[in-house]
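These are the structures in question, set out in turn.
The following pair of complexes shares a single chain, subunit A, combined with subunit B in the former and subunit C in the latter.
And then the complex of A and B:
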């Protein structure tokens, strides 16, 4: 029987891992739900953001937060540029899978060409810093990532719910013809949303650089679990993505602590299957 | 006039003599190249280590071609990317033999890929030299020749070496926690470590297997901390050990002693928590290993090439040395038999010992394995140094206590 401390620590670890899942899922959920683009390149963008943070930090000694301040607007523009390409070639929901898969492979090769396949680690003085809460330890960087995910999820939810742009985006996703009849310029707003999604990938990338060791193939490590998070959370549902991330993170972590770590990867997909059985039609 | 001509002739001869000293001993290779086919995981999760094998192979072939090639012919390495996928590896070896029609084979990296391609080599009866196979009991093909010198039972011999090294210290461990990746060779050798530990009377307080590619190390770290072992064995591949140590550090915990089976050598050396980490090796860049003439020549070349390729840890250790040894074995067999006939090469290799950068290899034991040549190394002052057995230890080095 695991001790209470072990269970508590596993819970903390799961919540924090879930925050990262939620952060990565946020942009993907928005572009899939509101633009009908299944953007696999989101993962490659996140890793590109991580490598750029690493490069700016190690080569130019730029603080990661300053690096993020440069990367996030850059990624916003990159996202807009990508959307221009998608719009020009009239990429549909299905073809977006193929196109963005290709983009991901190209980006992976570029990462490998520039930084080699070897591991890169961005060492910072606070990499292993933790806060102590009774017998439990809360790693600072993971906590910051989780808080950032929560803040972005809440802000995005409020943006979609209370602003004209957010309402217009939701309306266009639901019924493009009717939204256009009411004067919604979906094209312009799609650029904005695509930029925001890519910017979120940049934010996630900064935290990945600080928390993980980088290798180009790491792009694929997140794909399965984050897709599960997006579907469980509901498309274009930022709060849902965050909560689903937490659910998966905690489930995996508790499985590791109580049963065996080898079963942890089964958890996300088991939860996904159960939810799809109980509530079909989430995609 | 005559004397000036004589002087000029003497000068010409002297010039030719100096020129002869500066060019390599053998003539430049000529004729159609000998094509050696193989794959490496140039992309995918195994790519960081496979990159080192690629550089080692490039260095070796360049040196071969700068000399006399093989049998006087230039050597061409037909290298394909298996993307770290065993199924693809198998298909690519089939392609190498049937489409590219290579003359000889060199194995891929790592255990799963090597096993996948072994069946192809067997079907076409090709000599199959490989450098990173960790499950000797599965290698049944009579013409496979391993240079990962694990011996026939690394699940027994390697843990025995490790526990022997610990037993020789002032405070040997009494309890052990074993965490292992489910990657086949790591799981196989770690399961063996559990049996060896129990047979030696050590208490195994935790045994866990995790998936290759695990992302969240927090819960695993918490379980190790909860188990409070004297010694932690991590059946680690690549960065697993680093990530686990870092996750444990975040819980304000570092195990008294920790061993990592197949770690990425560079990150462990530079990691703040990597000091005193233990691992296994067949080669490190210090005496007595560097006394080997092959090492003295190849190590600087590898360092130079790896540095140019922007590899963060441009040093020769187990992986690179295993790769060099594989090429040395191939060269030795071709040179000795004066042939690229697979049967002739295979027969020669089974009957002869081959001196390599990692020591003398033989292939006449069970499943073509010779001795287990692995030693125990430790991170000390930012460097890997061999600490056990004593005769292979770096000058003045010993296994440091926690």
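And then the complex of A and C:
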């Protein structure tokens, strides 16, 4: 049995990793739940955001926060453009998965072309900064990522819950024809939502650049875990995505601490399988 | 065997033998490896399509079965010294058992279709990979097969692997073709379009999906076993990755997943172009180019290359009869033509049936009976439980209490496909045809799986009769989306009749029809009655109900409030109260 300090540290790093999962899940959950588009390319966009942050920081010595300020609006436009393609070809829920898989491979290849398959590490002064809380260490950057995820999840929740656009989006997701009959302009709002979803990928990308080592194949490492998070959290449920991210993050890091790291993937996938079998209606 | 099937078999054997001869003639090893990779992908993609293309259950778990096969062969050859060829059998069986086991759990959950089934199977792949990695099966370092002796089918090892891959690819394409023309394939196509309706038409959906899944997984397992020997070094990271499931999906979708040849064509195109870009930075751009082509094909040709090409080909040569419209009595299974035995008539008896949905009591002790050759009208306000009763009789829902019997057989405990097989068929208020099947094949599904069991070939001949009976002969080759409401309603009728039922449940067949169409529908119902079929007739159109019904049963809030001759029942004070309000009760 590992010591309490070790368990506590595992808990902290689980919560922090879970924040990143939640941040990645947020955009995916929105476009899947509200537009019925399963966007695999979300992961590739996030990694593209990370590489851009890295490039702007190392080549132009731009601060990561300034880089994010450029990347996030750019990604918003990129998301809108992507949606224009989906809308033009009337992409369905299932073909969206195939098309975005293709896009993911294209993006992965481009990342590999520009930055090679070697690992890249973005060294920043804050990378090693951490707070000390009793016997536990809390890395500052990861905490910031987790707090950002929480803030975005809350803001998105409020946006969907209280604004006209949010309500219109939810109404269209439930019954597009009926919502249109009541004057909802689904087309315009779909563009907005795709933009927001891609912008979230940009935010996630900035933090990924700061926190982890980059390699193009990283894209695939997230797919399973984040899909599990999205489904456990419930589609188009921002708070659910965040909490599910934390749940998976914590259960993975506890597994790593108590058993061995190699068993960690079993946790999220088993949770996903059980939820699909017991409560398929959640999705 | 029909002409088309014989031509197919001959063509497949000629191609197979020609390719085998190529290897014995001493093909350079490089080409043998190159072609083996293509064969392997053909087998994988085609086997994937048996479940996922035909029945529409998109699996992302093909890597799990492929991996199970690889590790079965790796373990048996290195640890237990089992001869390589025998391990292929074991690899197939273990993968098939794995598929059947997963299916037996997953197919019981109704809503697990589409992308949810895909995610679930992908998750299973990673779980399996993690288990293999952390147990003695692999343990981490991977398994080397370099010391395992390869039987010398041909002089060179690559030649032997080439032959095995070729044999598997040819067999798989043959199996896919045969299934596409069999009862199983017919059932799978129906499941693809509307699983609930397929079950009610008599397709044993659970069993068929399980069979397709086991077969699909088994073939992937054998492919894995061969591949373990080809690569010589098996690792979890390479095996249980996302590569196999995604490539088989892409290949099949590219070629056309619903066509037996589609996955093979897609596999050849993608595998060949991937091979062309191996090594260095060029491979990176090559992969991007393949992905770009894929995106474009899915956007521009969503049905796949093979069906799109076939459609062009047919429209160039309009004289060639389309397969579906070819004269029907092709006798596929060699049996003599079955006589049209009218099924033994029987009465439908519903006694004290109850059903609740959550807190809503939809039916509270409903009893009624319909004798052969009798039309019983079932009327009542919206929400009174009429359609629920039909869903209970047809077996779509299970009763909470009470019994439903047909003659001396109890229906209420049986699954819907058995109920259909015993001679109960129904129509849907809003027609639910199988969207990708022609009008003829829609009816032929019912004729294949209904009370009178037929092979698909006989079923088409039978279906033609019922299209004629309902006046739809000229629309036989049309897809349901090309039919108007009146034609779709009559298609529902033809489909209900084609199973040679003893009981027909008609759920508002007349709603939405114009007066002329109603008159011809009433004429049809009278003819059906004359054949000794028991008819339960749900309808809001009172004039038609009164004209047709021998007896009337009135439902309100899940209870029978009146029954008897039509005029008697309509005059009952409870009925007037329910329909017109208390003040009108005289």
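Throughout what follows, the second predicted complex is superposed on the first by the 281 of 283 C-alpha atoms of A that agree within 3 Å, B and C clash if a C-alpha of one lies under 4 Å from a C-alpha of the other, contacts with A are read in each partner's own complex, and residues count from 1 in each chain.
Methods note: a residue touches a chain if its C-beta (ideal position, glycine included) is under 8 Å from a C-beta of that chain, and two chains touch if they have at least 3 such contacts.
A quick note: this is a predicted structure, and the numbers were derived from the prediction, not measured.
K.L.:
Clash or fit: subunit B against subunit C, after overlaying the two structures on subunit A?
P.N.:
On the shared subunit A, the partners clash.
K.L.:
Taking the superposition on A as described, I'd like to know which of subunit B and subunit C A:137 touches: first, second, both or neither.
P.N.:
Once the two structures are laid over each other on A, A:137 reaches subunit B alone.
K.L.:
Which partner chains sit in contact with A:109 here, subunit B, subunit C, both or neither? Use first/second/both/neither.
P.N.:
A:109: touches subunit B and subunit C.
K.L.:
Name the contact category of A:277: first (subunit B only), second (subunit C only), both, or neither.
P.N.:
In the superposition, A:277 touches subunit C alone.
K.L.:
Counting only touches as set out at the top, which of subunit B and subunit C does A:121 meet: first, second, both, neither?
P.N.:
First partner only, subunit B.
K.L.:
Go through the superposed model and pick first if A:99 touches only subunit B, second if only subunit C, both, or neither.
P.N.:
second
K.L.:
Would you check which partner chain A:227 touches, where first means subunit B only, second means subunit C only, and both and neither mean what they say?
P.N.:
second
K.L.:
For A:38, is the partner it touches subunit B (first), subunit C (second), both, or none of the two (neither)?
P.N.:
After superposition on chain A, A:38 lies in contact with subunit C alone.
K.L.:
First (subunit B), second (subunit C), both or neither: which does A:260 touch?
P.N.:
It touches subunit B and subunit C both.
K.L.:
What is the shared patch of subunit A, the residues that subunit B and subunit C both contact?
P.N.:
108-109, 112, 260, 262, 265.
K.L.:
Can you list the subunit B residues touching subunit A in their complex?
P.N.:
For this pair, the touching residues of subunit B are 42-45, 47-48, 50-51, 84, 182, 208-211, 213-216, 218-223, 225-226, 238-239, 242-243, 246, 249-252, 264, 266-267, 270-273, 309-313.
K.L.:
What part of subunit C is in contact with subunit A in the complex they form?
P.N.:
58, 105-106, 109-112, 114-116, 118-120, 122-124, 126-127, 129-131, 133-134, 140, 241-242, 246, 249-250, 253, 281, 284-285, 287-288, 290-292, 294-295, 298-299, 302
K.L.:
Which residues of subunit A touch subunit C in the complex?
P.N.:
It is residues 38, 85, 89, 91, 93-95, 97-99, 101-106, 108-110, 112-113, 220, 223-224, 227-228, 231, 260, 262-263, 265-266, 269-270, 272-273, 276-277, 280-281, 283 of subunit A that touch subunit C.
K.L.:
Under the stated contact criterion, what part of subunit A meets subunit B in this complex?
P.N.:
It comes out as residues 2-3, 5-6, 9-10, 12-14, 16-17, 108-109, 112, 115-121, 123, 127-130, 132, 137, 139, 142, 212-213, 215-217, 221-222, 225, 249, 252-254, 256-257, 260-262, 264-265.
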